[in-house]
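Pasting in a structure now, in structure tokens, and then I'll have a few things to ask.
A, B, C and D are the chain letters, set down in written order, and residue numbers restart from 1 in every chain.
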């Protein structure tokens, strides 16, 4: 019998990507679609690429509308999920694509988000050590941030194997959809095409504590992360270039082996053959993370590069994958490892 | 039982898109993959987005390799399909993505291609009048050119309904993948990003006679087409802006009605609601053609705009759709109407 | 002695481009810079590329601020220029980059803009027949629209020489800066990158009557223009593909000759050698229009393609060129014919 | 009296940019233009944006053609400059945009370039400590690599002031023109648009020893650099994100002060006001480097981001600036600090 799923925030980028994936999911029936300012409109106005749903009318984001579904995906601005979740109760699996329930440390939450901590839900990154166990049978999922997904998959094996020092440096480039659909002048096509620019420099980006949380857990000791995000002239994709000083005696072979072991059985994390490097184009629309590792002998650092689609593996795909696990469905259902390229 | 399919020209853009679609086709098993200069390489080197096939080794494009498959897709340079087809015989369904067998008029072929005419195969555009009948049970399919697909779907209803004069003017913008993967200086990213430019101006583009053939068939009289293709700074997509003088007494209502009738039952051609216009982004990776029609009263012209993905509906999707019909499978199998956007 | 120039609307795209050009103009001293919502801010916040002016504070757009300059450039939303001009009086040369004073026909103005006609000023397209005469010594200049600049330069010679029928068909692609800097969802980078889409289809775009006005004047008879603008994934540039049925007896030679004659002495309109076609990249930041002409024998049409930078020759460059003429300065001063490419 | 300049390699991207700048240089007259495979062609075919030189015929790159000029710019593949320079003798100022004469350490040269070291010429980065002195009156200039220009300007002040540890981590994104104009499949527009990808990972990029040389000189001790270049979907621009652990007691104030001091008198290096971050768009076509500095307290690192145009400040602009110094001309002549944006 089909799983009935509602999507709150269906007119935004995350909501649209969730719907794109659910349309191809053999066990899911799409139920209520809700929005805030676009409520009342046909979905086709805001999501013209979702042709099979073009005529569906967006309803207001109201617990009464969301009730009665097996799964409710929340693609809402930060701070709104707790209230909705409370009203829905435990009858539904709630998959929150916002940040509200990702962090375990209330102090970090408050420092970066400036509001009281709402709690912590099982974290939707199955490929992390212990990741799947946390998700089986759960009624609540906190979908990871897009940057933390890329960075954690890139660096966790090195930390879990104890191969690198606990000071990571990460520079990541993101496509503009990561910044959402609310119109802002600096996100206009005229501004972003032909341009690379940094933002949230100096450790201020809100995804930083989430990376620290994941990598510290993998390392079994506190890890610092110097994280600089940059905005790239493309709609989708994250390329995360991550490095850390290798521990004494660690070289390329140890690194390669750790990554091969970590991802040997994973469908959605693909360690590339030696000599090939990830590109964001290769994962467009796919739930795949492409990973490659190098050792810079002169600088004594492990350099790991990871590429994901920020909307797929970085948001909606991760959400669907985690939902599959929570519901006891095959983990790959409705997800593709094949990118749309060129 | 699965249909076993081979792809000749698997390292190019058309071949890669055919494989992307076949990977999601529930009735197809992917057999031999062949290439010319890339033979011997793993597919992952040239098609890193096709993760599930990354380790498959490309074989030479040799009839012996292609033999023994139920379907053979040919994604070869023009002029090479006839020889391969002859050697394969009638045991296989051959789906040719090249131009060789598209034109019925040998003189037009020779004028535009400068070589002897190889013949005419059933034409793979099911949505044209009579299109499906020609494909049922056939062992040979000529997949239409990408521009003729967009233009014919945009203008055929107006011609079939006798609403416009037989002189069409078409200006179309194409993504760069339409020009293929062979490295040429004018196709470098440095040259195409930030730039629009025309080519094949003045009626010299080889897709022109194919448009004329389709529109003349729809009109039941000879139609001229003034066609100007332009290269747009995007990897995929065709936006075709088509117009023709409206016949006396014809206005918006007649036009709208003709298009609604023509495409009411079609899965892959979507006439947009009034007020919405097609974009190529909305059909990225989808087998959908988005169409909208307007009437310019002051100029007395019907203006029809169509958007497709040149690699999907314009090549590989059209090929798979036609294969489905030829094999008696459901026409939609393995094809999506949902684009990957933004 | 230096010409002192003020720019109203200095935080927008047109205002920024005017300033970029004035910074390189040897006879101009930059005076007051005004803005609406950005007043009070340093210019560097909204125009980070104008490094030499980064610390200049934007003042409110107020006649008192604009008074006392030799030249005042107005880069304001439509409908605001008349009031400002009236208050400034005839002491200053006013160069209006808005639409308010471009049209001679009040009925056309009212039909397309829905407000009373403010009047007609000398039209700033010197390369049109009689264009320079209208500008010498004037105190008022209406800078043409970007699309009409490209289209008029492309088609006027054919009409002036009587070579084509008075029904033009134009499809033009524009970079996104033509839509301005006000944040709108459909202009986000996420929406426009990788996408072509039409707008204002069916003769509704406000630049249509301006094209008709220019081409009818060149032809000496009423010309209709079926105009379809499209939005291209690039920040700057217009590529206008224009065609009209050739008159009996007219072929390529007659067309080529007319264009060679028309533009032989022009610095800023460059008829390309046979075999080369315009690209928008080649005119980025330049005041150049690149033009090429073809004859489509089978369709019986002249096809002319023109490329300009919408912000330079299409707005700010045209404005400075016309200012130079009005002030009796060398027409080329402060303007470059060299694009920034690749 | 005018300086007569020749350009060898005039059909490539570096050569084209040198010519673009020389066209606006009031003291330079453009002499011979040479090319290899394009010799015999009009320049307009390969450089359509250089309209004023469109008809100039490219000559072969032959010392006899290059002789008799005051300045010769070499924009040749690595390894060809030494022979040309030897034949030209000391009568001409030779400005080499290749790598041949950049490195002082022969062993590093041989390790990264695999050929014998040709020698060391005065280094064309005037803003480095002692940079101008080395250039005054010289007859030979080694123009820095594009990445080392961005990275050295970003990090040298921190090292010169002793504020950071000698282990730098750099991730830089470059536009595709940095990879040149030779057609290669991975540089096709279809491949690069919508995609970020790394290359030369693990310390193997040839610009690494040049960065080490510059930063070690600034620091007065050996500095290691972990450098990862990435290819960004834009034609021009480099964004370099650079970081190093801050020395004990160093915080934001010390860093800011060092950068303010270092660049207070520089025309072409612009330290942004606090709160603003560099973008590559803002320096398109300009000889400007935009710099901003932050201190990441939690990670204990100084983070400095620099943006340049790889073809302007990163190649041709740096070359012209250094030529001006060598010839005793005003350093700013022919160069602009204003970018072409949006």
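Everything that follows uses one rule, which is that contacts are C-beta pairs under 8 Å (C-beta built on N, C-alpha and C of every residue); 3 or more make two chains touch, one makes a residue touch a chain.
Everything quoted here is computed from the prediction, not taken from an experiment.
Contact count check for A-B and B-C (C-beta pairs in contact): higher for B-C.
Think of it this way: of A-D, C-D or B-D, only one pair shares over half of the A-C contact pairs by residue number, and it is B-D.
Chain D has its Cα centroid 45 Å from the Cα centroid of chain B.
Computed centre separation for the pair chain B/chain C is 37 angstrom, with centres defined by C-alpha atoms. Residues of chain D in contact with two or more other chains: 13, 175, 177, 188, 190-191, 193-194, 233-236, 279, 281-282, 284, 342.
By the touch criterion given at the top, residues 13, 16, 20, 23-24, 42, 44-45, 47-52, 54, 177, 193-194, 235-236, 270, 272-273, 276, 279, 281-286, 288, 290, 336-342 of chain D touch chain C in their complex. Contact residues on chain B toward chain D in their complex (touch as defined above): 13, 175-177, 179, 181-185, 187-194, 233-235.
Against chain D, in their complex, chain A makes its touches with residues 167, 169, 171, 173, 175, 188, 190-191, 193-199, 201-203, 208, 224-226, 228, 230, 232-237, 239, 241, 243, 245, 277-282, 284, 292, 294-301, 303, 305, 307, 342.
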